[in-house]
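In order of appearance the chains are A, B, C and D, and numbering begins at 1 in each one.
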């Protein structure tokens, strides 16, 4: 039984992990840590947990890293995981961090990312970077197995990387033509209220934001470049729609003439993801939607090709709080601890 | 392992049961039956089930009642369960019916209900009525244990009966003053599209309907009258709000002077529901919401008292597709088969 | 041409008035005043006004009461209108205040209300109270004509008072049995973001709040008592549903035996509101919804009677930002200045 | 006073026109025609019109083309306008058709379009085509002035054409790189209920459909090709999001090196649309949203440039029922009759 702590338990990413762990056959939640509501049961704020998980929240300072846990999820903002990570690693725990802190492997690359988000470029625990890796199993499974620290990817990044990776890895598209038109549900912005996400402002509304400036493009470019063996820049445009859970990213790329055939593209995607438990490739004759992934750890990829323009069009759907966050983080934990990769992740979501 | 069939598998009530059974430790889904899409996997229509439940749908005529199943859920409209129930009972199965067919125990009472909904008053399987009972454990657990056929209650009825029952049973309110102001989510109307529930007509909209004429009032009156030992009529007003899952029923009653004290009312409710695994009583100092029950089998009852007017105000929340339908039906199955009553029903729902 | 100032122009109540005034044939907006965004055009924050109203916001201190305006709308929170009202009255303007400051006519009654909302019970401009009145034309038209200061009613109060008034005035219901079950859209809470109204918390959610403690019940009781000629307490229960604009209040009262006939009740309501331009009475054979009033100044009253329980059930619909706020305030202005009461208020709203 | 008939009055496109005409200073609605609900007031179905427009619906057969009207709007599906158009033209009326019937100018081009939508390729009133034109003022104002018949454009087409036109006309982008990623609200699908747009299926959902096969791409390609002077194919991907009103199309194109500067692009867009009353160009320092155009006839264009990839990114927002349908149709009428182009179209919409 893997013993698990969650830091930042009171955010959407933390409660999402609680929901999953309650049903996990080989993991056990041992501590909930948060800077808010210490001393109160988590269910005092999240009524849906009442009677199901009433564990009392511990303040960060009051937590003892040496109390026997195996892994800690840092469901925390940028620069928290790198501050507290070392003491947990020292105590023998493995760390899965939700922020950008451990997504980049070396201090130089991190500094570039940090600049992009307006943060101090200096990494606070550089000694952990060599033991860390990028936590997206579909591109990096082997390194996750042995990593001490895993940087769980950004939600947009998951949808983009999975949408483009087969074509990029195979080198069958014009690397200068990649566009990711991403639409996210509002839960991606987290629990904190803001004018932008006030119900009257958001219902029946939609807008683009951070045009060509979203921080997740940094890791998308990096991961795709590693697969391509050369530098790639994706034009990532992020938009908000009045959905709570879900990201739909439409991935465009000019296809090389030799692959200008939808059947070939579908085969390429199916072959690339053969054996992947959480990727479902759908051909042009099918269809899919956010409802098909909402609540689950699946990524649905609907592969299409527009003959008239030579564009591959892959519509990539994930639940931003699952494959885009807590679900993917749990998948990483399973891999790190040699548990069946799908353990705790095959519950049937509810519809409608 | 209880072997389960679902008839009407392709409706919300049927898929809701599939979702639950996939996680049930002591039940196993053996057949999905529906008049539509026979021969296709259920996941062809419900994409969220792909890879989790891809069972092929059987046509009703093609089903053999004698193939060894233990129980059949009739997630079907009025008058279907009473038509097909006898052949399953004959084959030794127990039947849990979602419609009004088996909620009334005798042909006379059924005839009254049928008239209310504009149906033929003649019951088609009167021989089953003596072996049938009303399937709401909180009022009727003992009879459910041994029943051959269970009439699963209407969603509004569950919220009203649980909201009023303690006060009515204790006889501490004016029986002539009961009002149930019920607001339902749209999923209560089922999967079939209609002008009323077309997205552009329904978003940002709300309305009352069937004012003082909803068919569920029939069973509410009957169950509360049985508890009171005298005839009770509740003024039940049903309204639709742009929520998908959920019923919030505000229950009003004039309280007798001896109980005109919120602490006494809260105690009465807590005592009445002591030991009930799915009822959570909340005092006036607390609060609750649809989010606290959405996706779960819980009924949350927020007990209040308005001194100025002498009204008890109990706000009753359920998920209409869970405690109001599939969840409650599974609770009945657990009781009927001697399984732990909460088996398969304590999964943590997702929020938000 | 009536020259109009709006204080608190940047809230929903202020922009709602701007929207209306732009189409008013006999009024002209001369100044927008707000503590936020002074010096910027109102359209910088509210993009829908760009090119239609780009008036620059004036800071409160920078406004000269003596610059020739005729009326000022205080679209401001409690205790602002009573602070700044005197200087505008002194300058010869008439004042229409959106808060509770001028709804109660005398300092004692105000003190009771202020206590209810946790405010200082001392009124800051008692000298204005004799010149003030309650601004709901359907109950108080004559006094509005000559009032210097009008207290625009609360949104819940409008829906309740219009829903009950005919029956109460005629004395045909049990005054001890009045219940108002009110459901409001989220815009009623204003523009300020809060956890409760954060999109992910509010979509697919609903809840009761301030049970039997909403401040609007104070003015409902007062106005109905004045009509009844005796003290009345209504049990007002307020609830939030995921609608942006709209209030649906279901009004219950036990009907005297002589009026226990829906045709009589409908006639009473029709007679009472004969000639009222903004009240539409609908009989039990009809139906109505929020969509029928959204965007307009109408109040729709669907009059029903439940024979089995003797309850009158009047479903009262308004747009909380129109008849519940800016629209009603403009109606008051029209009355005060001898303009046709419907001027600027008969625009056709958009649907869907 | 222009006398106006509306055929197909009971759809969203018809009622949208009613809403607009009620506030038009120089046009008068004289007849509402529809195949449904003849003999009933339009307000019987659309409650928001009660008391504002209660005109009785006339059956199509009962309408006399020679009763003195000046213009008829055919708010009807494909192939209706071309069937009934000739008799109205013969009677001296001008025709504004909402469908694809008159968008293509000659029978060959129409046949291509008709094949695309699975309709009979034979045009039914070819004699009208020389007198017809494409009704988008921003690209075709002069021809609209004198046209007898105007083909009002498709909603997606409006958003795409306005988004791309300046860059295409100026020839500063790679014509082989154009991608239009379009997200529409549900009202675009019209009033008829369907499983896809049933509230429980649509809330919290989103999906792409008709990938690279939407019929509107046909007119987008045609209009842009006319401006470019050479054949252009846009990769148009259409998606539905849970918004009622609104289209947001993100327009991508590789910019020529000489224009690889956002200031130049913004200038090009501002210059091209200088004097256009309904196009608002926003630079990269600004932002916009669906809320800024909802309810109005404006098209907002947010012009951006992604240096890293050389992509121009223009986010194009319209209200699909206004600039995408009824509003644009009324703009055409104003132009055809020499009325001020903005007449009846500058009402301030309501927010939120």
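Rule of thumb we're sticking to: a residue touches a chain if its C-beta (ideal position, glycine included) is under 8 Å from a C-beta of that chain, and two chains touch if they have at least 3 such contacts.
Remember, it's a predicted structure, so these values are computed and weren't measured experimentally.
Colleague: Taking CA centroids for every chain, report which one is farthest away from chain B.
Modeller: D
Colleague: Look at the interfaces B-C and B-D and say which one is made up of more C-beta pairs in contact.
Modeller: B-C
Colleague: List the centre-to-centre spacing of chain B and chain C in whole Å, with centres computed as mean CA coordinates.
Modeller: Distance between chain centres, rounded to whole Å: 39 Å.
Colleague: Distance-wise, how many Å sit between the C-alpha centres of chain B and chain D, to the nearest whole number?
Modeller: So the centre of chain B lies 47 Å away from the centre of chain D.
Colleague: Which residues belonging to chain D are in contact with no fewer than two other chains?
Modeller: 12, 187, 200, 203-204, 242, 244-245, 288-289, 291, 294, 352
Colleague: Mind pulling up the chain B residues that touch chain C in the complex?
Modeller: Touch residues, chain B against chain C: 176-179, 181, 183, 185, 200-201, 203-209, 211-212, 233-235, 237, 239, 241-246, 248, 250, 252, 254, 284, 287-291, 294, 302, 304-311, 313, 315, 352.
Colleague: Using the touch definition from the top, list the residues of chain C that touch chain D in their complex.
Modeller: 12, 15-16, 18-19, 22-23, 46-53, 187, 203-204, 244-245, 280, 288-289, 291-296, 298, 300, 321, 346-352
Colleague: Contact residues on chain D for chain B in the complex?
Modeller: Residues of chain D touching chain B: 12, 186-187, 191-195, 197-200, 202-204, 242, 244.
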